[in-house]
Every structure is written in structure tokens, then in C-alpha cells.
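The next part holds the structures, each set out as C-alpha cells.
In the two assemblies presented below, subunit A is common to both, partnered first by subunit B and then by subunit C.
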Partner chain A sequence: MSGNITLVPGKRHYLFCADEEGIKLLQPLIDVVKDGNISYEIQIVKDNWNPILSSEWLRVQKMGSFLYATAEWNVLKKLKQLAEDAGFSEEEAQYIGYGKEQIKVFCCRCHGISVLEKGQPERNCDHCGLLLEVSDHYSQLRDAFLGYVAKL
Partner chain B sequence: MLKEKTIPVYVKSIIQETPQVKRFTLAPVEETSLPAFSAGSHITTYIDGKERNYSLTNHPDTMDSYQIAIRLSETSTGGSLYWHHEVKVGDTVRVSYPRNHFPLSFKAKHHVFYAAGIGVTPFISMMLELKDQGSSFELHYAARSKELCAFYDFLQANFPHQSHFYFSKGNEAKRLQETTLLEHRIGTHVYFCGPDSFMTDLTEAAVRFDYPRSSIHHERFAPPRPKNAASFQAQLTRGEVIHVEKDQTFLDALLEAGIQAPFSCRVGRCGTCELKVFDGIVDHYDSFLSEEQKSAQNVILTCVSRAKSGKLVIDF
Partner chain C sequence: MKQSDGLDSFPYPFKEDVYRYSNNSVPMNHPISIEITQSYPEEIELKRELLTAHPERCFQSLRHTIKGQWEILDLVMEHLGTHYPDKFGLDKKGDNWTFTNHLLQEKQSFIFGDESTLPCEPLNYIGRHVQEDLIFMMQRDNDLFLDAGQLCFPANWSLAFDLGMNFKEIHQPIPGFKDEELDERILQFLLKLEPGNPWWRKNWSLMAGNRLDTSLETFDVWGKGRKQVTKENAGEFVHLRVEVQKLFRLPRTGGILFTIHTHLLPLEKLEAKPEWLNQFYQILQELPPYIVEYKGLSLFRGAVLEYLREQVESRKAL
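Let's turn to the complex of A and B:
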């Protein structure tokens, strides 16, 4: 996921999916697309958001569409999963998160998963209590970073 | 020349699909079963001193025979002519192990096959597999008429809802339009197979309609032919200077010079023949290297690519 919001030019249809804070971040891009008379749609994710509606909206889109999803990290992760399930590839979407991002760490001893804030260098495993050093070794399968033994 | 292990098979049956297309069923001579293959695979046949690649059209689970369909080419240099006029039921021929340079994407949510003429063949095994898996797919198939449309009855019987036909001859002539590409939903992967211009036009249209490159797949039956091919020289680092005639591939020039150059598909698809280039400008004709790799100008696929400069210096 990227923190940089850049317009990927020349697409035939733009999709903007964001929470209320996120839509403000996307507004400069929406203005460019509006000014250029380019086809676009906006979906705003509110507190009473129904993921099924977003999922249906994403699934009916055509090839050549480009998705911008901007939301608080936890919501954004759900949006990204919905978009990938609908068929959006990495080349067809940009995801922009804000706020405090939570990540998962995979315990090298018990293989349990613990959740922590990104940037936190160490953390005790929720399952076995081992102090883990958070590495940059990321597993797509687990959606988690490998936690090594911090102190022997 | 490199020798690969081949399999002896006998011609079990021949079916006249259309006036130009014959379907051959090949069964094993020595074993009870043949090597397994995946959807989209092809075999190389070795007959009359000629090697030709043909897609396997049976279900990938089939182990007791290979089925290929061959169109009699107007410009045949011997391959299809021999298969159509010389090969009889009971004859023994040698074929390669199956290879797949045209696999189904496991990422696709929906597969769309675009075929013209005999280009339908790799899609038959793909559709049989996808139907078994319950996966989503459709076929757009262009031919001159129903009578000249290979596998028409088979497709109608097995994939009546997924098959769309475009016949260019007759009162109700309908042509396949590239704008059909605009209608495919997100997550679609498109597969093109047919004459060079058919694949080039559709690939360019898909790129123009913002399909990611990774969602576009195609297979060539024959190597692309450069319009204005010129002769050139290749200086090999081990010493030899190879002269490549304008109507000769670089690979053939290497092989004729007795050099054990690597190769497999001969149509610029698999990358087996890749060699490093130290100097000179390569004219790329393959569909294997990425645009970035082509721009770097430091490798060449000898089976199809040539020199833009009069000379290349090759690491070999």
C-alpha cells in the first residue's frame, strides 16, 4: 500500500472508494478527472458501511477501470481484500491508508500471530510470551512479518 | 543439433473436421499411457524431417491418447501437407513430450478466449478443464463460415452458453469486433490465438483499452516474420563469426555452423534460446521478454530476433 497519491493517467474509468476523511485526500484527483470529462464513480464508506454493497459495486466494473481506495488502515485492508476478490490486480488499483497502521507478527517459536502498531520494534507474543523482534521478512500467506527471538 | 527424447505413437484415427482441417488421434506404441499434460499444452511432431508444433485438443486428464487438429495450409512448407496427404491410420510417428507455453492464468476471475480459424485448438483443452473446475469463461471464435469452423459441433454440444461465433461469409455475416474487449468485467484475462494480424490487432486494442499486460496472453503457431529482414553478423566471444542471411533465423545460422545453441519453441515464446548481447542493437520479435528487458538491449532470443545494427557481439 502506498502513501503517495498520484494520478495514473489515461484510464477509461476511474473509481474512488474512500471513507469521509479519505475522500478529502482524493479530492485533487477527483477534480482532475472531473475537469477532464473522464468517466468516474465515487463510493463513500460511512460508519454503517455494508461491505457486500462495495463488493457488488467492485465486481460489476469493467476492464480498463482504475481504483483508488483511501481509508483508515483497518477499513482499507478490508477494501483491498474486496477489490482483489473482485479481480483488481496491483496494476489496476492504488490503496492509500492513513492513521495508525496495525501489522501482524508471526512468532518464530509457537507460530501464533500477534497484532501491533507499525513501527513498534519489539513485542511479546500474545500466545507464548516470547519477546519478538519484528523483522522486515513479510509473508503474503500469513499477512504477517516474521518475529525473531529478541533476547536469548 | 540438440536431440530430445521423443515418444513413438501410432495414428489411431483421422477425422475430417472441415474441408481444410483434419483431427488426428495418436495412441502410444510402447506404453499403455502417455505423459500427462496441462491445458494449453502442445507437442512437436517429427515427420518427413520436419518439426511442427500442434496444440493438444483433448481433455488434460486423458492419458491414453493425444489429439491434434491440423489445418492444411495454403503456404505449407511440408508439415500440414504431409499430415493431410501422406499420414494414414496405423502409421507410426514420433512426438515430443508435451510442453506448455500458453498456460491458464491462476489469477483470472474470468477467462476469455479469442480464436480465429485453427487458433481455436489450444482453447479446447483449456475450456474442458475450466468447465470441470466450474470456472468462468467464454469463447469468441471467428471463422469464414459454419462449414469452415473446426470443432463447431463439439463446441455447440459442450459449451453452448460460452461459445460466440463470428462468420464473415454469408447473408448474416458478422465480424468479431475488438470493441468486445470493452465489455469484459474486472479480473478478466484474455487469450488470443490465430493469424499474426488477428493477435496483433487484439493485443494492441487490449493495451489501448487499459488491460494490464499481465492479463493479456497469446500463442503463436509460427514465428513472426520481420517485414524487411536484413542479413547481419554475430561475433561470438569464443571466436566464431556467424553470418545470418536475411531469410534465415539467427538460431538456424548458429545450428548450421555446428554450434550447440539452446532452443525449444522456435517462435519466441519460451526463452530457452536466450543469449547475452555485449554489443550491437537487437531487433526484438519475441513475446517472452518484458518491454524493460527489450529496452536494456543486453539479451537476444535467437529463434526470432535479429540485429538492427549490422553486427552483434554475443556471449557464447
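Let's turn to the complex of A and C:
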């Protein structure tokens, strides 16, 4: 997921999906699209957000639509999953997260998953207690980074 | 647990006095996916114990691999029956097959392609009869994915974590591998592998101790041995660990069977092979820091070098 918000030109339809803070980050892009008289839609994700509605909204979009999704990291991960399930490829979307990002760490000893804040270098496994050094080795299947033995 | 059956059969991995990562694969003159050595009984016993005690650590598969698993079972059983006819038998009557392991006094009748007629998945079954670890890489989108494997003797990596990864993702932790585009070159080499033309290579590391099951899952236990190496105990305690790795393209599914046969040799045995002793001393001395670090040698390389230097000098004095 990218932290840079850039307009990808030449798309037939732009989709802006964001929470209330995220829509502020997207506003400059929305202004450009508005000024250019280009087709667009906005969906705001609120506190009582219903993922089914977003899912349906994404599914009915036509080829050539480009999605900007901007939200707090945990919400953004769900949005990304919905978009992928609806058929959006990496080239047809930009995902911009803000706030504190949480990541998962896979314990090399017990295979348990622990959740921690991104950037935290070490963490005791929630399941077996082993002190883990968080690596940048990532598994899409586990959606987690590998945690190595931190101290011998 | 296991030491090499002897110096003559030990797959010494070096040709030159300098070691760097490379694609050192060569075509196989005798295309056999497996090798039965004198250590067969104890290694199979250990494998089966590990598979029973730690099934998730030692066997992983994605459901779409079943066809390929049958293809691997077919290939390995054929090789066992053909190359070791006194030890294994394979009788095929249409899809009704009977596999016999004379070494273990075991016989299994099953219907080829019918999973319910085997006690476990095909790869998991045949892996219990060979000393090799068996890894299955499937090809799609011009890439290779680790989609199944039976791995009991890993050199400090986790099959459970790496499952489903593509070739570059698997090798991402190796320093220098991506920078030098070695990952891309080796991937392209593997994608060009053809059925009927298998290749093989040797890989090496140093091991403080003599465990075969150096899994990442147990690193907190066996890794401590690295702190216990001294010049005095290195000859007996430290082992040269060599993996003979073979690559077979499977003709029907297009996947790749990657077999890994692990051998251990205590350093003291190098004394009987002065050319190996001298060369390994040169290699270890010259080894760049990023390889020292990745191969986990930082904690005990110094002690091993002192030991080797003494051995080399005492030979010169003779």
C-alpha cells in the first residue's frame, strides 16, 4: 500500500472510497477530477460502515474505473480485500493508509500469530512467549511477517 | 544424529578456493531423484518421529497440488524400484499398484490417483520411504511457487511460513541474492528446466552439533550450540553440512520436484583429506561478512578457523 497520493490520468471513471479523515487527504485529487469534468463517485466509510454495501458498490463498477481508497490502516486492509474480491488489480487502485499500522508476526517456534504496531523491532509471542525479532520476510498466505528468535 | 557414511561417499561441495553464491547446478549423469545410504534406517525412523510429533512443521500442502503429488509418488517409486530392486518393489496392474519396502518390511497396495487408498497425501506417503526432503514447486504466471513439501531436515527455514511463496519471496532473506539479480537468473534457469533432463547442485553450511532437524522452529534449542564452539572441540562438534539438491521437471503437471539429501561430516574427518582441509580453510578465511552472517557462522567462525589453522600447520610440519 502506498503513502503517496498521485493522480493516475486517463481513466474513464474515478472512485474515491475513504473514511472521514481519509476523504480530507483525497480532497485535492477530487478537486482536480471535478475541475476536469471527469466522471467520478465518492463513498464515505463511516463508523457504522456496512462492508456489504461497499462490496456491492465495487462489484458493479465497469472496466476502466480507478479506485482510491484512503482510511485508517485497519479499515483500509478490509477495503483492499473487498476491492480485490471485486476484481480490482494492483494497477487499478491506490490504497493510502494513515495512523498507526498494525502488522502480524508469525512465530518461528509455535507458528502463532501476534499483532503489533509496525516498526516495533521485537515482541514476545502471544502464544509461546518467545522473544521474536520482527523481520521483513512476508508471507501473503499468512498475511504476516516472520518473527525470528531474538536472543539465543 | 547422523554423520556421513564415509569420506569417500561424502559430497564435498567445493571446487575452488573462493566461495560465492552462484547457480552451481549441473546436469545429472545418472538421473535418480533419491539415494539410499547406510544411514537409511535411523534417518527414516527420525523422519517418521518428526512427522508424527510435528506434522505442521514437516508437511504442508495446498489442495491444488494433489495431482502433482501423485506424479512425484510415481517418479520416486519408479526410481526406487528400478535403481534399488533388492530394497524396493513396485507392481502395477493398471491403477492397482503395490509398493514394497523390503528394508522396512512394509507393503502398501493402493489405487493410483485415489487418495483414500493411501494413509496420507501421496507426497507425505512417499517421503516417509526416502531420506530426502521433497519439495514441490508449481509453475504458473511464469513463476514458481512452493505449494507442497515434506521437510524434516531443513537448514534453518520454515516450510509452514514459506508455503505458497514464489521463488523470489522465498529467497528474499538471502543477502546479496536480489542485488546481484541472482534470484532472477536462477528463476529463469528453473523455468527452462525440461522433463527428462534433471539437474543437481550442492549447498553447504557449518553446523554446531550434528542434528539433521535444524528447523527454524527449534532454532532456540540447537542455535545455542554456536556459542559452545571452541578451538578444542570444533573438530568433533562442528560439522560440514552439505545438501545434495536435485531438480526434476514433472512432465504432466509441469511442476518441479526439488529433492534435498542432507549429509553431515565432522570437521575432524577432513584431516584424512588434506586437499579438502586446506581448501576449506582458505574458503572460510576469505568468506565475505554477508555470507558469514547469513550462514549463521558469526558466533563460531573464529574458533573453527583456529582449529583448521592448527590442523593445516601440523600437517605442514610432518
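Basically, the second predicted complex is superposed on the first by the 152 of 152 C-alpha atoms of A that agree within 3 Å, B and C clash if a C-alpha of one lies under 4 Å from a C-alpha of the other, contacts with A are read in each partner's own complex, and residues count from 1 in each chain.
Quick note on the criterion: contacts are C-beta pairs under 8 Å (C-beta built on N, C-alpha and C of every residue); 3 or more make two chains touch, one makes a residue touch a chain.
Nothing here was measured: the structure is a model prediction, and the numbers come from that model.
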Determine, for the superposed arrangement built on subunit A, whether subunit B and subunit C clash or fit. fit
Is A:Gly64 touching the first partner subunit B, the second partner subunit C, both, or neither of them? first
Which superposed partner A:Leu146 touches (first subunit B, second subunit C, both, neither): second
For A:Ala86, is the partner it touches subunit B (first), subunit C (second), both, or none of the two (neither)? first
Using the touch definition from the top, say if A:Val32 reaches subunit B (first), subunit C (second), both or neither. neither
First (subunit B), second (subunit C), both or neither touched by A:Ser135: second
What angle, in steps of 10 degrees, lies at subunit A between subunit B and subunit C when each chain is taken as its C-alpha centre? 60
Considering only touches as defined above, state whether A:Gly10 meets subunit B (first), subunit C (second), both or neither. first
What does the superposition give for the shortest Cα distance from subunit B to subunit C, in Å? 7
Where subunit B and subunit C land on the same part of subunit A: residues none
Subunit B to subunit A touching residues, read off their complex: 107-110, 181-188, 209-215
Complex contacts: residues of subunit C adjacent to subunit A: 56-57, 158, 160-165, 169, 172-173, 216-220, 223-224, 226-227
State the interface residues of subunit A toward subunit C in the complex, per the touch definition above. 106, 108-111, 130, 135-142, 146, 148-149, 152
Would you tell me which residues of subunit A are touching subunit B in their complex? 10-12, 58-66, 86-89, 91-92
